[in-house]
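Labels run A, B, C and D following the written order; every chain starts at residue 1.
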Amino acid sequence: MSGEPAPLRLPPDGTGAAPERPLRALRTPERAAVQVRVGPVTLGGPRIVLMAGPCAVESREGLLRIARAVAANGAQMLRGGAWKPRTSPHDFQGLGPDALELLAEARAVTGLPIVTEVLDPREVERVAAVADMLQIGSRSVQNFPLLREAGLSGRPLLLKRGMMTTVYEWLCAAEYVLETGNEQVVLCERGIRTFEGATRNTLDLGAVAVLKARCRLPVVVDPSHAAGDVAYVTALARAAVAAGADGLLVEVHDDPPRALSDGQQSLTPAQFAALAAACHAVAAASGRDA
Amino acid sequence: MSGEPAPLRLPPDGTGAAPERPLRALRTPERAAVQVRVGPVTLGGPRIVLMAGPCAVESREGLLRIARAVAANGAQMLRGGAWKPRTSPHDFQGLGPDALELLAEARAVTGLPIVTEVLDPREVERVAAVADMLQIGSRSVQNFPLLREAGLSGRPLLLKRGMMTTVYEWLCAAEYVLETGNEQVVLCERGIRTFEGATRNTLDLGAVAVLKARCRLPVVVDPSHAAGDVAYVTALARAAVAAGADGLLVEVHDDPPRALSDGQQSLTPAQFAALAAACHAVAAASGRDA
Amino acid sequence: MSGEPAPLRLPPDGTGAAPERPLRALRTPERAAVQVRVGPVTLGGPRIVLMAGPCAVESREGLLRIARAVAANGAQMLRGGAWKPRTSPHDFQGLGPDALELLAEARAVTGLPIVTEVLDPREVERVAAVADMLQIGSRSVQNFPLLREAGLSGRPLLLKRGMMTTVYEWLCAAEYVLETGNEQVVLCERGIRTFEGATRNTLDLGAVAVLKARCRLPVVVDPSHAAGDVAYVTALARAAVAAGADGLLVEVHDDPPRALSDGQQSLTPAQFAALAAACHAVAAASGRDA
Amino acid sequence: MSGEPAPLRLPPDGTGAAPERPLRALRTPERAAVQVRVGPVTLGGPRIVLMAGPCAVESREGLLRIARAVAANGAQMLRGGAWKPRTSPHDFQGLGPDALELLAEARAVTGLPIVTEVLDPREVERVAAVADMLQIGSRSVQNFPLLREAGLSGRPLLLKRGMMTTVYEWLCAAEYVLETGNEQVVLCERGIRTFEGATRNTLDLGAVAVLKARCRLPVVVDPSHAAGDVAYVTALARAAVAAGADGLLVEVHDDPPRALSDGQQSLTPAQFAALAAACHAVAAASGRDA
């Protein structure tokens, strides 16, 4: 009862016997908390960081409009997908390399550093040449060749939790990156798959509490994929900050009903501005710098 | 994108075809939000309500000590189990009727209204004669005879979500009570069962966001059973308030290592006082009266 | 690797610390396998037992037609619900006491012993006066007052697994019955709740394998609720028998599209006859008497 | 009730809106069942196919001993991992390219075609030069670049279901392969992740029943990873065949306690011989050629 939490429990299917040495992602007397720097932005410091933008890069004009809007309304980083991993091969797969150039242009215009997903170890070099931060998506959390290649790029990484990844497995996935010598890793909770269908996924803020108590790496939360519906995004964003999250990854679109993907869960710029104000107030009330 | 959330999705196993008329628990133009009154306390009003106390009533002295401690540190209601539904018949089952008398004494001493669980439809009358609010526990959420009997008692009810209950099923369970004419029902989210074992259950604050957007009934959160470990309880309590919860149900014990049940997740009175202060700050930052 | 299975793992949410003495349901050198006798029928013996009938008793003529049809096509017991626990109070709740009389008449006509569900501890005496075997339904698996009352009736019990009950919790539920001195308990696997929606529930035949290796009580399987669709019932029934199940609980209706509940998963009498033949062939091939 | 199953339900998190054209993996009047040929072996024909061998290739002598043992006891194909995707980077990762040469030698000695996993799109060419069939492992089921590259190799593929993959998502993953023009795809059910911990995973034979009713591709089952314990493997293997599986993938080791991975669930050659006999008997009883 001394405030020392119990050891992390192993997953129910018995995978992942605890390695003999503690995972590098865990805080120990020898290993202090990590701050991750993406251009002028610091993740894991006193201020929360808002990353916002469209699910996918859809067009030059659309991206620039949204980038300017999120920059004007409180975002410190721009998100946007160039390659989209889609359940079905018949769904929109992203613009690929063309999107990378558009993201670079949006950065030049707004000054916001860019985070974008890489799916294929053969594309890491190309994406790392443009992106300020590489995103490893939920479906790739245990894509070990990709984790190693992304780690070796030297870029900061945003490692999303898989839909059915335990905290322990997630930290082991981070270990594949940390083993390359790259410690610039941010974990991103985005909701897990459960029996409940009222929201798209079940946001696991217990995992955020566990990580903030045990882990050295910054933790951000994606309330958009968890909620799946714009009506619930802001409440979950506030809750994430109150649970201790170091930042948020939020989908914003200037015309959500026309978005090629995830329109149902994308905020308008005005809704994003309100979210930013609400979250900074909660951050201040939770003992953080607003 | 008008801010109108999508319809509640049905559970994946196909139970519960939507009834033709909307559930009574849902807000409609005709049906306003419900406030639930338990003695001098109002749930669903501007202020958050803290209910605190031991998992189970264990002894007269212990209960009175804890009751005084939570009253002095911010609780507006006292919780404590007389009958404990335990997985195994070999675990401590509660003191039963004797505990009811002790709870009444603790109320007389502190002035705090009492919430306590009733397990058996044959015990409803006896428990309702003492308790200010009846708790229907997680394992009883679809115990339909108990729901009807508890509804007919006329007492306010605290209806915990089951470990395996969808939001839709939970609202249907509430419907069994509302059908008796008793609308004094508070919903209590306490974590669902998932594959993750880092916390005892997975707190579903998405459900809280959904209910605050759609449902007429007050919603409180039990961060203790969700966390399962005192190290994570306060972060989850803050998050629950930020998500919109109308109150919290928190396990407190003055000597957690010696508790007969749930010691690992019970706060000391000093920890509870800190939780109360943190949650009122978040409530104010979220636009509520502190 | 001696063929001794590993100890039962505890549920991920940490409930249910193993009691110091082994559960009474487990096989030990001192405790042999239990055979359960329901009139002329033996569960847990060399022959598989088929229990069949409608989801709910709907009318006298309908019940008698179906009872005669299943008796003529291989059933040794008749199932049928008098009280139906339904997610919503607006769904058909069963005919109640009138259905008990109709079940008694169907037994008189066909000679088949009856299994029917009891929901409320206050109804146990009334149901036990008619039924040959009491069913405890999935939602009641941790309704401890009901388990005790049903155990004390002295009737054989069919204890269905809950939708999200671990094997360990299920055996602890059985322990509440065994503690009353009544060992005539049959466990019924009926599918658990998971993320998958292609079937109504996920039939857990791994649990059947575990129970047949470790537990003293007979185990039967309900493929109807697991499948949720008549197209998959027979394949799951064969698989259950091959996994070692001692019998099956199958929904049969002579006019499935007009059934008041569960029509989608109810076999016609002709389909049931084919299922019975297929299952006896698999039983023989699995080393059982056909 | 015509025997036509209901449409596949979508996953609870709303991913994967059904594409307008039916998936290529589904049977339609225009598209007949696929048989997959791996050397002299046919999957999806009248006979069940047994694939057996060690979890990982550990040494030349060990592999040859096990290969000869499974060939002598009923296996038609040899399995064995060269690259092992492990939760932790500190666990044994496989012998890599050296293992490929050993597998080729084992094939030369026994005549059994080889199935082995490929993890990285950059390794597909090298693995396809040796293996008769490429395995896509559970963690790679939505590794879309890998699926495309493996499809383009022209080799038959064994596509394992992910721990967290719905049937619908699994068929969409197969679609990524089928889109390359390669239809030689076998689906492998290996258990899903649920709340239950009594077995390593929860074997979903409902999914096998659904696929045999709806899908054109052969379906095999891995009872070893589902059970996680040798005590339950044979019962699940029999059940899989009774549910309609076209074959089995079974872990066999001649000294399970000394296996570098999965020893707890590996059968000895004698246990495998008994499994083979039992499964052929069930196959015959289920209307297949033994």
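Here is the rule we use: a residue touches a chain if its C-beta (ideal position, glycine included) is under 8 Å from a C-beta of that chain, and two chains touch if they have at least 3 such contacts.
Just so it is clear, the structure is predicted and the values come from calculations on it, not from any experiment.
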Out of curiosity, which chains are bumping into both chain A and chain B? C, D
With contacts defined as at the top, give the pair, A-D or A-C, that has more of them. A-D
Roughly how many whole angstrom separate the Cα centroids of chain A and chain D? 33
Determine the centre-to-centre distance between chain A and chain C, using the mean Cα coordinates as centres, and give it in whole Å. 46
Residue numbers of chain C (touch at least two other chains): 9, 11-12, 14, 164, 168, 191, 193-197, 201
Could you draw the chains as nodes, link the ones that touch, and say if you get a line, ring, star, complete or other? complete
In the complex, chain C touches chain B at residues 11-17, 19-21, 85-91, 119-122, 139-140, 142-145, 162-164, 168-169, 172, 175-176, 179, 191, 193-197, 200-201, 228
Once bound in the complex, which stretches of chain B touch chain A? 1, 3-6, 8-13, 164, 166-168, 191-192, 194-199, 201-210, 212-213, 226-227, 229-232, 235-236, 238-244, 256-257, 263-264, 268, 278, 281-282, 284-286
Help me check something: in the complex, which residues belonging to chain A touch chain C? 9, 11-12, 14, 164, 193-195
